[in-house]
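Chain nomenclature is as follows: A, B, C and D, assigned in order of appearance, with residue numbering initiated at 1 for each chain independently.
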Amino acid sequence: MMKILMNDKGKKFLIGTEDLHTEQGYIKQEEIASSSPGDVLKTHMGREFHVLEANINDYIQLMDRRCSIILPKDLGIITAYTGLGSGQQIVEAGTGAGAATIFLGNLVGENGHVFSYELREDFSQIAEKNVKGFGLENVTLKCQDVVEGIDEENVDLVFLDLPKPWEVVEQARDALKSGGYLAAYTPYIDQVKLLTRILKKRKFSDIKSVECLVREIEVKDKGVRPKTRMTGHTAYLTFGRKV
Amino acid sequence: MMKILMNDKGKKFLIGTEDLHTEQGYIKQEEIASSSPGDVLKTHMGREFHVLEANINDYIQLMDRRCSIILPKDLGIITAYTGLGSGQQIVEAGTGAGAATIFLGNLVGENGHVFSYELREDFSQIAEKNVKGFGLENVTLKCQDVVEGIDEENVDLVFLDLPKPWEVVEQARDALKSGGYLAAYTPYIDQVKLLTRILKKRKFSDIKSVECLVREIEVKDKGVRPKTRMTGHTAYLTFGRKV
Amino acid sequence: MMKILMNDKGKKFLIGTEDLHTEQGYIKQEEIASSSPGDVLKTHMGREFHVLEANINDYIQLMDRRCSIILPKDLGIITAYTGLGSGQQIVEAGTGAGAATIFLGNLVGENGHVFSYELREDFSQIAEKNVKGFGLENVTLKCQDVVEGIDEENVDLVFLDLPKPWEVVEQARDALKSGGYLAAYTPYIDQVKLLTRILKKRKFSDIKSVECLVREIEVKDKGVRPKTRMTGHTAYLTFGRKV
Amino acid sequence: MMKILMNDKGKKFLIGTEDLHTEQGYIKQEEIASSSPGDVLKTHMGREFHVLEANINDYIQLMDRRCSIILPKDLGIITAYTGLGSGQQIVEAGTGAGAATIFLGNLVGENGHVFSYELREDFSQIAEKNVKGFGLENVTLKCQDVVEGIDEENVDLVFLDLPKPWEVVEQARDALKSGGYLAAYTPYIDQVKLLTRILKKRKFSDIKSVECLVREIEVKDKGVRPKTRMTGHTAYLTFGRKV
């Protein structure tokens, strides 16, 4: 179990191996270590911090996010459209900072596994720190080029967050079990077009591309309305299934 | 493992305990039973049917859906926004036909559990048939009124698909562990407003309401475009967290 | 002024030169002819029909719409984004059933003019009937190929609803006054891409492409919510300005 | 005709009665005055500025916008859904900075008229400056409370941009001609609900509420995609028609 602290404004803090220093004062490491979720700690300035059991969203929010990460909305759609569940085997490329890796690892659990490929060593190192920090033991990070081949077989999902996912369609097909899914995350519609052509050529079925828009609703005393600003686009999600 | 058959037009068929009769001819039960994913069976009319390992989406699509079900897009957002994963304990109300129940049961796996409340006996029976049919052993269906209390404690998520979710906020709070989530699915904005007020009153944190729109993209030789028709609205999703 | 009749369910009827026969009974032509907006007429079965002054939306809804027409939402965006107003000169291609033609003719008024090109004679004839029926005298329909040239000069807007609008960019540029707009309606993103490239090449400024989504809100006693079904896509609108 | 200048980066400048001073140098007033659209003027630093005939969007963009203005998308939807056109009579309340006033005045032309009510004197003065600056002679600004009554009769449209539009429904009904429209701009869904109830009570027909989302498409060499950020919400538009 991982703990986080939350101040009275809802701001959250990841707990490391040292004292926590904030603008509202500091809290000693020993005090944090001996606390339990539900406890309230006080800083030397008397400000209250709630101890919470960190969930995965807290962690991904607070971890090292040097490279841009996939938003929860898109991870949710991938989960639901591919029927992800506990115990599955997943191949991912590229790892990036590891946000999707951690999400998927948490989701498939100890009976499942995530194998994540990343070409860039600097990203792979950030991801490793992040995955370890969350305490996942069912993730294998591979600093190698997925275009040169996927080592795994019989996997449930190959998830591609790459500029040219079409270069990996054949490798993905070999790695997937019958009925398994390929899912790709691509910002440009041109990528969707090319990928779809290759998926058709490689006899994938259930080929589908979607985009997901999430609107947040503001509930105030004055009234209810969608927020003024929203994320207009992250990426298209393309799915195909091996038959 | 559950198998389904798919004809050459992509139409899928759930396999029961009898011969499969379709407009493209029939296939004997024994032949289906001895087949493996990846095999191709032929009907007596010579039409080819692929054997696939059914995934959860196939199953939910094909099962008895007499009551309206929650779409994958909304289940995906709930999963991602509450950080669901393998091994979690979930309380759901009401069960309906069991689509969300099966999705959640598949997701939390054998180390997790879904306790699902449903007041109407006819729905509960449909759900039971559906849950059993999918082979989940980590689901407990309860034909009882969740307003009168939640038996479980220390759960990760209470998911409410009820007309008046605000009647269950206090019970949900008692059932949740510290850091656990309440999520509610409500079609009307008026419900969002009232629920939010009660969540604030009961000191939930991270209160947020969203709606999720999924647009499907058509990739044809003529060009690429979003589909002409789309689902404009299913429901708002409201989240709150126990601290 | 054009009159329409509306029954008690809100259904509207265009008035021709004959008696009106409906499922709620008939009304004599003379009676309709002598009525004024605000009057209530009764059918021989005693059902009430309100006399309304037809506005352009009534008319476009009820006219001969054999070819698909541009929705009001898109006409509205074109109007607003190009700053259309009374007295302007507009070139349109192709005419289709004339919905946009009538909308634009009504908008620019007697001091303005719409010149509308259509290659297909059958469409041109439907459009002529529709334009005349609405009583516009500031519209010139031209059954000729716009690719071969635009006769007009110094116009405020060239509006293109054609499969290959890029073939007309140069002609449009010649026809436009300085500061005038080209607007194109294209269903496919591939068309947007190609058109944009040509607009840049031809030194258009303020190049912009948008899509417009309209969601209808249902206000019922049970609650307020967006409608379940909506139009997911009609076309992209691309704009460019001659400088 | 109104002129504007545009520099080589597409930035536009309104022309007053003085020399134009910019970061790229200055241009003498006499030189500007004697220029025509299409001309290219040079600053004392040799930078080129294009002379353009200003259209209404340029003007609204560059005028004094001290109070928040209605976006073109919403003005477009109002235009299309109410069938606005040259020669119509419009009542507006409140005026604000006059953006909608100018848009509507430009649209209805010299045979039409816009009567715009504004309670706050400071807004009314800004609007007056803006309306005059654009050279419209078919606009009457009224610094008076529309709740106390609308002086005009037989108008085509009453457009309400007020916090409590339901207070003006009866006055609007009296002012409208048969078949005329009421349109209201309200940010909150609660306003939509209350207004709709009052419109029904007052026997308006064709009652409809919508929201309009515009997504801008980015066409770059790398590919085509919707923009990352978009306006998630401005206001709901509610329509009703007098019968």
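Keep in mind that, in the parts below, contacts are C-beta pairs under 8 Å (C-beta built on N, C-alpha and C of every residue); 3 or more make two chains touch, one makes a residue touch a chain.
This one's a predicted model, so the numbers in the text were calculated from it and none came from an experiment.
Engineer: Touching chain B and chain D alike: which chains?
Structural biologist: A, C
Engineer: Chain A-chain D contact: same residues or different, taking over half shared as same?
Structural biologist: same
Engineer: Among C-D, A-D or A-B, find the interface that matches B-C: by residue number, over half of the contact pairs should be common to both.
Structural biologist: Same contacts by residue number as B-C, out of C-D, A-D or A-B: A-D.
Engineer: Report, in whole Å, the distance between the mean C-alpha point of chain A and the mean C-alpha point of chain B.
Structural biologist: Whole-Å distance between the two chain centres: 21.
Engineer: For chain A versus chain C, what separation do you get between their C-alpha means, in angstrom?
Structural biologist: Chain centroid spacing, chain A to chain C, equals 47 Å.
Engineer: Using CA atom averages as chain centres, what separation in Å is found between chain A and chain D?
Structural biologist: Distance between chain centres, rounded to whole Å: 44 Å.
Engineer: Mark out which residues of chain C touch at least two other chains, giving numbers and ranges.
Structural biologist: 189-190, 193, 211, 215-216, 224, 226
Engineer: What does chain A use to touch chain D in their complex?
Structural biologist: 187-191, 211, 215-216, 222-234
Engineer: For chain B, which residues are in contact with chain A within the complex?
Structural biologist: Interface residues on the chain B side: 6, 10, 37-38, 50-58, 72-73, 75-87, 103, 106-112, 177-179, 181, 189, 192-193, 196-197, 205-206, 208-217, 219, 224, 226, 236, 243.
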